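First chain A sits with chain B, and in the next complex the same chain sits with chain C.
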Partner chain A sequence: MGSEGPVEGRVRLRVEWDGMRVLGARVVSRRPQPQSLLQGRDLPAAAVILPRLYSVCGEAQGVAAQALASAGELDAARVRTWQERLRLETVREHLWRLGLDWTQATGQEPWSEWVRTLLHERERFLRDADASAQWARQVQRQLYRGAGLETSDAFDPDALQAWIRASGTPLSGLLQALSSRLVGLGRGRFNPMPTGASSDLLRELSGRLREDPDYHWRPDWSGQVFEMGPAARAEGGRQGVGPGATDVIDAWTRVTARVEELHRLLGELARGQPATGHLAVRVDGDAVLVAVEMARGTLVHWARLDAGKIAAYRIVAPTEWNFHPRGACQQGLEGMEATGEGVLRTRVQHHVMALDPCVRYQLEVSGA
Partner chain B sequence: MCLALPVRVVEVVDDDQARVDVGGVQKVVNISLVDDLEEGDYVILHVGFAINRLDQAEAERTLELFREMAGTEAHT
Partner chain C sequence: MCLGIPMQVVEAGEFVALCERRGERRQLNMLLVGPQPVGTWVLAVVDHAREVLSPEEADRVDRAVCGLEALQRGERDIDAFFEDVELPSEMGPPR
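Let's turn to the complex of A and B:
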């Protein structure tokens, strides 16, 4: 989201509402691209500039830009370091969404201390695996005590309900507050992006970005608009590869997927396991594309070079998929029930928060 | 893509809150994630929270990048 200003951009939502339910919804996401800043510079310069432009996803933007700059000479040690950075940023993002945003939205006390620790101790944690393991164990114990996740990172639905009723952790309390608000909210067809940007996807993205200067505003893969984020990663992982899921999803599933993924990542840190987040590079003649998996989904940077200088630079962020005119946000808004405009605005806010855009949104309601 | 726009601290209200200047508009933000902020410091904001401090030179360099970006975006 970030501070306000003309440069920031917005997701714009327009819903037609008859006083009972949403009859139609339009979603437009237009946000600035760094193309104008980077044109004529070289890729290493872009790798210095881009992390300064972005706040909470600065690490992912920096990794993508650095990977782009060194596409021809990616070595395993460097990739491992980037993966560790991406994992810590993802943990911080999940703690932020749950402990600051969702607690605020439900009137609960925020749990800011862990976010604060990750903001201040990131570099130490990257150097000192024992320190990050100890911290992760502590967070996991305090949030997930009694959750029954000792052998699996996925909740059993019945056990989850029993845990959030009986347990007294900050997380179980939050989930108890969210359960009645989010179950069934924003229900829509679930079409998760298959896990790990496949070579087919990278080839299509590279070609489309070259051909269509507006592709990054409304990305699709062979005509399909996929959902990204923790729920999509979990489902995509279960499916293996290839599009085709046609199940339904709601805000509750999206939030609990985040909770499960946070548990898994904390467990990896606690056990000292290396990060394995996806990072892929594709070179097509004078153009290079990098895809990295970050908290919100797959982040893509693409650049076309002319005599070693940047001729074109595009970023395709996960928000562009989830807030695509035919994406998960739009589908979840269609048919949303609300008996008053205040209720509608709150339900839209929760639906949007579950999909986690990286900018603010603006809602226009008509037809009541 | 949350842009890291630096804002200047106008007044530290208490341990958790400060008034900042966002493009000429003042607003109160949460500063509990950043230690020892003082009036005149620059911070990056995210959803109502200050998330890190910048020195003035770094803030000016970053603001110049955004001005350049905004200026050219208006014509694209």
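Let's turn to the complex of A and C:
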């Protein structure tokens, strides 16, 4: 990665647009990797450095790095704590996207208080299940009030539509504003990553990361590029394991999947149920791989050790799958209709937001 | 995998503040941290100030980001940016 541009890196989108529709799209995602920072250090040092740098998903980065450092000695109590941390971070990220980013994009009043609470009360909630349950019940009541959604995890599309029309919560108001903007937007073939980072996937990732120093920029699984995130988790869960392209997807489905998942996670917290997010470790000789399920999808850390010190360390983040040159973002851009450049830019913004990259993006439009 | 960047408020505002880090200025949304006086350090995540940092925390994160920037410039000797990392005490109790 060169030194130009922001240190965080960014996603670059280049679209060819004829004034009516997008004829072609290129997606390039390049962000700083920690490899050179970590070489020669030991794994516990990586567990300090990475959350310090990658603080958007600092819990997930910290958990992955700590799991890597303790591979082979994962005790159940520690895993449970990590799962709780990941769940709270996922809830926070969903509330952030919906209550800050999407409200801002649609000119609505933001609702930031719950994100603030989670940022400030995280450690207390981890210690005190009653406090987190009480808080989750409050949020659920205020966001999901009406149509029985506050008492059921089932979230069928008809019930959702009826609830959006009938309820008067900040969330239903937001969805009402979003539906006309997002239905059909970024429509593309849906290829969800099967839930739970199967042993086949972990084996392939471990092998590919060892063989190819650039694999993490453009990951694939047996040639297929999968989508990650709440929609993929929901669909992958229904499908069970095993890759396979299904149906089509659009921005509306992606956003409502986030709404559904937030509802489910708040319900778990409110009932005091333990977190069950996926966390897997694979050891291959001198290399260790950890996969953790986080808000945006499966986060993978992989390290190869030499005499106890890090010889190679790579991170495969969900953004690398969704913003892969052949990934969900690229597919949704192809053929996108827009009759003016301003409209095009707004539609691209919404498509990208629905896929939720963890960095800013830059859009270049040509051909009009 | 987005980096959090420590930035210092240089022009305060109720909802938006102009913040700076090493010559780079950004308008940050202050909804999550509330209005902050000039001189306050915040952690910038994309366009939001996510949390208020103590000067010590800001310095620690800043040095880590500087280490990454040094690598991007092609420098190889970055140990100075992470002098505090090897201390076992920073690992804290098992989580």
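In this section, the second predicted complex is superposed on the first by the 355 of 368 C-alpha atoms of A that agree within 3 Å, B and C clash if a C-alpha of one lies under 4 Å from a C-alpha of the other, contacts with A are read in each partner's own complex, and residues count from 1 in each chain.
Following the convention adopted for this analysis, contacts are C-beta pairs under 8 Å (C-beta built on N, C-alpha and C of every residue); 3 or more make two chains touch, one makes a residue touch a chain.
Being a predicted model, the structure only gives us computed values, none of them experimental.
*Asks:* Between chain B (first) and chain C (second), which does A:333 come into contact with in this model arrangement: first, second, both, or neither?
*Replies:* Neither partner.
*Asks:* Using the touch definition from the top, say if A:119 reaches chain B (first), chain C (second), both or neither.
*Replies:* After superposing on A, A:119 lies in contact with both chain B and chain C.
*Asks:* Quick check for you: in the superposed arrangement, does A:67 touch first (chain B), second (chain C), both or neither?
*Replies:* It touches nothing on chain B or chain C.
*Asks:* Counting only touches as set out at the top, which of chain B and chain C does A:36 meet: first, second, both, neither?
*Replies:* both
*Asks:* Applying the touch criterion given at the start, work out whether A:85 contacts chain B, chain C, both or neither, answering first, second, both or neither.
*Replies:* In the superposed model, A:85 contacts chain C only, not chain B.
*Asks:* Just checking: does A:100 make contact with chain B only, chain C only, both, or neither of them? Give me first, second, both or neither.
*Replies:* both
*Asks:* What is the contact status of A:290 with respect to chain B (first) and chain C (second): first, second, both, or neither?
*Replies:* neither
*Asks:* Do chain B and chain C land on any of the same chain A residues, and which?
*Replies:* Common to the two interfaces on chain A: residues 1-3, 7-8, 31-32, 34, 36-37, 49, 52-58, 100, 112, 115-116, 119, 315, 317, 319, 358-359.
*Asks:* Using the touch rule from the top, collect the residues of chain A that touch chain C in their complex.
*Replies:* Its residues touching chain C are 1-3, 7-8, 31-32, 34, 36-37, 41, 44-45, 47-49, 52-58, 61-62, 66, 78, 81-82, 85, 100, 104, 110, 112, 115-116, 119, 315, 317, 319, 358-360.
*Asks:* Help me check something: in the complex, which residues belonging to chain C touch chain A?
*Replies:* Touch list, chain C to chain A: 1-5, 29, 31-32, 43, 45-48, 50-51, 60-61, 64-65, 67-69, 71-74, 76, 78, 82, 85-86, 88, 90-91, 94-95.
*Asks:* For chain B, which residues are in contact with chain A within the complex?
*Replies:* Touching chain A: residues 1-5, 7, 22-23, 25, 32-35, 44-47, 49, 51-52, 61-62, 65-66, 68-70, 72-73, 76 of chain B.
*Asks:* Where on chain A is chain B touching in the complex?
*Replies:* Those in contact with chain B are residues 1-9, 31-37, 49, 52-58, 100-101, 112, 115-116, 119-120, 315, 317, 319, 358-359.
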